[in-house]
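Two complexes, one shared chain (chain A), two partners (chain B, chain C).
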Partner chain A sequence: MTEMLGRRPALTLLLLIAVLAVIPFVVTNPYYLHVLTIFLLFAIFASGWNLTLGILGLKTLGHHAFFALGAYGSAMLSHYAGVSPWATIWVGAGIAALAGLLIGVPILRIRSMPHVAIVTLAFAEIIRLVLANLKDWTRGELGFWGIDAMPALNLGGTVVEFGTGKPFGSYLLALAFFAGVHALLLVVLRGRIGLTLVAMRDSELAAESLAVDLTRWKLGVFAFSAAIVGLSGALYAHYIQILTPTSTVGPEMLVTLLAMIIVGGVGRFTGPILGALLLTVVGEALREFGDYRMLLYGGIVMLFVLGAPRGLAGWLALIGRRRAA
Partner chain B sequence: MLRRLLATSALALSFAAPLTAAAQDIPVGAIAPLTGPAANSGEALRQGFMLAVKEWNEGKADYVTPGGAHPTVALTVEDNNSKPEVGVSAAQRLITRNGIKLLIGDALHSHVTMALMELSPQFDLPILSAEPVSTLIADKVKSDPEKYALYWKGNYNSSAYGETVHDFVKWALENGVIAEGGKKLAFVIEDTDYGHSNADTITELFTADGWTVVATEAVPAGSTDFYPQLTKLKSAAPDLTLSVFTAVNSGVSLVRQIAEQAMPGRHMAIYYPTKPEFMDQVGDAGKGLIWTSLQFAPDVVPAHKAFDDKIQAEFGNPATYSHAHGYCTMMIGLRALETAGGTDPKAVSDAIGATDYNCLIGRFKFDPEDHTVIGGGEYLPLPVAQVQSGVNQLIWPQANATAEAVK
Partner chain C sequence: MTGAILIETLLNGLITGAIYALIGSGIALIYGTTRVLNFAHGEAMMLAAYAALILSTTAGLPLWLAALGAILLVMAGGVVMQRAVIAPILAREDWSFRIIAATIGLSIFLQSAAQLIWGEGFSALPYFFDGVLVLGPVRMPWQRIAILIVALVALGLSALLLYRTRFGQMIRATAQDAEAAEAFGIPAARVHTMVFALSAGLAAVGAIMLAPLLSVNPWMGVPYILKAFAVVILGGLGSFGGAILAGFLLGIIESFGVTLTSSEWRDVISFGLLIAVIWVRPYGLFSTREG
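Coming up: the complex of A and B.
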């Protein structure tokens, strides 16, 4: 459990949220706030995926499909039915959870992890093709636009606006969801559920012998994980306000998010957060290097994978242990 | 851990120190796909932008007032990786760090442009896109003219391509260049906004004339294996097959495989033969291929040859249509800055809207209703070409033809 959550996870999360909460009042540059907003949204996505990929140990490669389902579900409901995005983001998460349940059923019958990876990858491709071909509704690769931003909030006389070009409000909104999702994950993982998941990952047979209903647990976790990823997709949709199947469920999204989890630390609570922060911020910082940007980006990912195979979170934990010893 | 985390973030953000430019230069930004599958076109557009700025700053450009004072500019080009959120990041970086007064963006992608447009009212910034053609962008402007008052679209709508294909086919049928047969139409397109927007418009126009679409095969951008699609098409026996690709390797593969398979009916290509490497790679398979639009032809147009020489001298590679479009779009922006006599966003935007400028590839004039460059006719022409004896010849409109169409 300590390896998964790290030492004093609640304090770490609290401090991180406190630092992130101060940032928009210190950093007013909209560019920095936009980059950090994207980090927060991708951190939610990565943490949701890490639940099945790292903590439960199911090698799924199709979670970007849940991101797209959450994004399109929320965007289309608000656009066509006129429902407030404050409500539709939850519907988007619900659609993703439902899809998680549906894809979870056949996955549970597959013991071979490479086959799980292929089935989930194929599922994502099916979702991409469906979104691309339902042109009357999604406009396919032409792009689904006209997505409403999250409606403004009046907080004690101060109107906080959201959406592209509204960096202050968008950042705070993303931070609120980041804090909420990670606090919920921490509560879930620190208790019996977390122990059960680790037991299942380490040995399904042993867990089953302790009366753990593998099917029920896996389905539940898969749906929960899909719901979190779907929620991040819904928030992304109402922030960027344009969706295409390729940009939401294309192979680049898969690789980017997978890299975040691996670089941050698979199966560790803080891993996806650190990976999302590092790769989002570094990806932008490397703009200074012009044409060499993506080359350096790939080099950094390789460096972390080879030099810190347990991820950034594992590497930091190791340093902490060495200092304590 | 937190200290290290903050240190990592601070280190990364420290890379983002502001760039300095000469105080008198007006900062101008551009966004293009410089990495990823569309990097080839993105790089060509960047080179076009850079050449325009170089000539402008060196006093060698086509100024609104020749001999008069003109502002000099500092150009920064950023990558969007073909993703809307990365494009938005790049734009905000240009706005806040470089303090740009004009954004040329997106250079290529319609979906990135639709995200960038949202920044225009927020930052009071004139934005001019270059190559994007999607009619949806124009629809978006029309849906809220006040909000998108500072945005302008530097290319015609995708409907212009459709109209060109439609009008050409009508002429070709009348002149026996294409056999009418059973009026069966098929598409092989890349699965992008560009591919679909063209196919949709063409479908609408042709079905109104009694044609039937027997197949629409959309494949991922960059695909090179078309045997499954061609097998299906062969059984449908279309009288006319239209292909739309931005990646030249896809186009070359398709044309070669169509020749190998001896596909029935006529094949007409959209966009990809504009790339100079197409002719080098396609070989005999390209013989007689009809395509649109030959807007940049160094072999037959002296002005294009001169531009090609300049690109060769500056960057060591041949010029393409994207180079020329990038050059012209940037020139429109620079001329607007000159006309505005400063950087007031509304004045710059108004000057872009009032543009009536004959550039390399045609006459640029904007429709005030949808802020889009007018295509066809006396404006940006969309001529049809045919590969004859290994050379591209203009075959339509007949007034500008350099050779007769071969049946």
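Coming up: the complex of A and C.
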């Protein structure tokens, strides 16, 4: 349990959120705020995926499909039906959760990891192709543009605006969802559910013998994880305001997120957050030198798997333990 | 559907299927002997095509010699990759997912390295064979027919190697039980390396035969690797024969699927089929047990 959550996870999260909350009042450069907004959204995505990949130990490779379903679902619903994005983001998350249930049923009967990995990857590919082919609705690879931003909020006289070109509001909105999702994850993981998940990861047989209904649990966690990823996709859609199938559910998205989780630390609560922060910032910094981002992400995944499989979170925990001893 | 279209569709399916069988059988061979799922297999194709292109156009070698050289280079690359990346991870616990992650990383790394070195330009290898085969109303370029023939020869030779030689016996023994094989004096680690070389070679053959028809580019392996995974699952993960059979079957299904719908939906059909099969026959079309 400590391995998964680290020591004092609530305090760590609270401190992190406090620091992040000060940033937009200190940093005024809109570009920096944009990069950090992307970090926050990807951290939600990575933590959602980590729930199945690391904590449940179910090696799925298709979570970018849920990101795209959440993004396109929310964007299209608000665009074509005129529903407020404040409502459609939840529908987007719901669509992702339903898709998670749908794809979860065939794969959860199989215990073979390669089967799970390949089938979830194939599912993501189907979603990408369908989004690219339904040109009348999604405009395919030309991009679904003109997505509504989240409508402005009036907070006690101050109007906060969101969307592209509104870095201050967008950052705070992303931070609010970041805080909410991670607080929820922490509550869930610290309770009975977390214990059950760890028991299942350590030994499915032992957990089953203690009357844990494996299939229902896995399906539930899978749908929950898909919903979180779908929510991050929906928030992303209304922030960036343009989507293409390749940029949301292409191989680059898969590798970027995989790199974040592996660099941060698979199966650790703070891992995906650390990984998302590091790779988003480094990836942006590299942008001026040319297109080295994918070279870096691919190489870094390989190096961390070979040399530091516990990731940054595991490494920090090790240092903390040494200092405590 | 007239007779000529029927034959042409079938032939096209067999040709596509031949490529799937070449790529898929390599993945199945690696999985069967080492339980490793190699996501960088598509990049063996890409590197083979570039190697053949450079050896023939830049170095000026005759086409057949360039192809042979490219196959040998990629097989050597397979050896290096197995030694440098796969073997160190296999020695650790929980390696199964780590290998997947590491080979996904390697795959993207090689793609972007190729893009940085050779650019995004699309070039093609010259045709190996000119002319068109005319059989009554059916017309088919020899280059496409050659894919089928070369693939069948390469797969046949691999099958002979696996089932008729001492080395093949060693591979199959290692696949059944690596520890027991070692107890009988079989160098299992070296067998693993050789299997990587062999399957990289099969992928290289496929890529070089395709290179005159397709453009050689950094991402040319991507569509095939996913298809090959589908083939390997349909054929029963780890089964060499199953992968070949499923490769041809998928090629034919796709070919008829495209004639009936449109090419945009081809891959949706294949992957949809894969998920449907997983639903009813989790361990492949031809076997009932976990591989």
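We take it that the second predicted complex is superposed on the first by the 304 of 325 C-alpha atoms of A that agree within 3 Å, B and C clash if a C-alpha of one lies under 4 Å from a C-alpha of the other, contacts with A are read in each partner's own complex, and residues count from 1 in each chain.
In this text, a residue touches a chain if its C-beta (ideal position, glycine included) is under 8 Å from a C-beta of that chain, and two chains touch if they have at least 3 such contacts.
Since the model is a prediction, treat every value here as computed from it, not as a measurement.
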item	value
Partner chain in contact with A:Gln241 - chain B first, chain C second, else both or neither	first
Touching partner for A:Met294 - first (chain B), second (chain C), both, neither	both
Chain B versus chain C as contact partner of A:Val255, first or second or both or neither	second
Partner chain in contact with A:Leu277 - chain B first, chain C second, else both or neither	first
Touching partner for A:Gly191 - first (chain B), second (chain C), both, neither	neither
First, second, both or neither for A:Val305, with chain B first and chain C second	second
First (chain B), second (chain C), both or neither touched by A:Trp145	first
Chain B versus chain C as contact partner of A:Gly180, first or second or both or neither	neither
Those residues of chain A which chain B touches in one complex and chain C touches in the other	252, 291, 294
Residues of chain B touching chain A in the complex	1-2, 4-6, 8-9, 12-16, 34-36, 78-79, 81-85, 88-90, 92-93, 95-97, 110-111, 114-115, 118-119, 121-123, 134, 136, 140, 143, 191-193, 195-197, 200, 218
Chain A - residues contacting chain C, complex	59, 61, 103, 105-107, 109-115, 117-119, 121-123, 125-126, 129-130, 133, 251-252, 254-255, 258-259, 262, 290-292, 294-295, 297-302, 305-306, 309
Touch list for chain C against partner chain A, complex	31, 37, 85, 88-89, 92, 94, 96-98, 100-102, 104-113, 115-116, 222, 226, 229-230, 232-233, 237, 264-265, 267-268, 271-272, 274-275, 278-279, 282-283, 290-291
Contact set on chain A toward chain B in their complex	6, 12, 15-16, 19, 29-32, 34-35, 38, 132, 135, 139-143, 145-146, 163-167, 236, 240-242, 244, 246-247, 252, 270, 274, 277-278, 281-282, 284-288, 291, 293-294, 316, 320
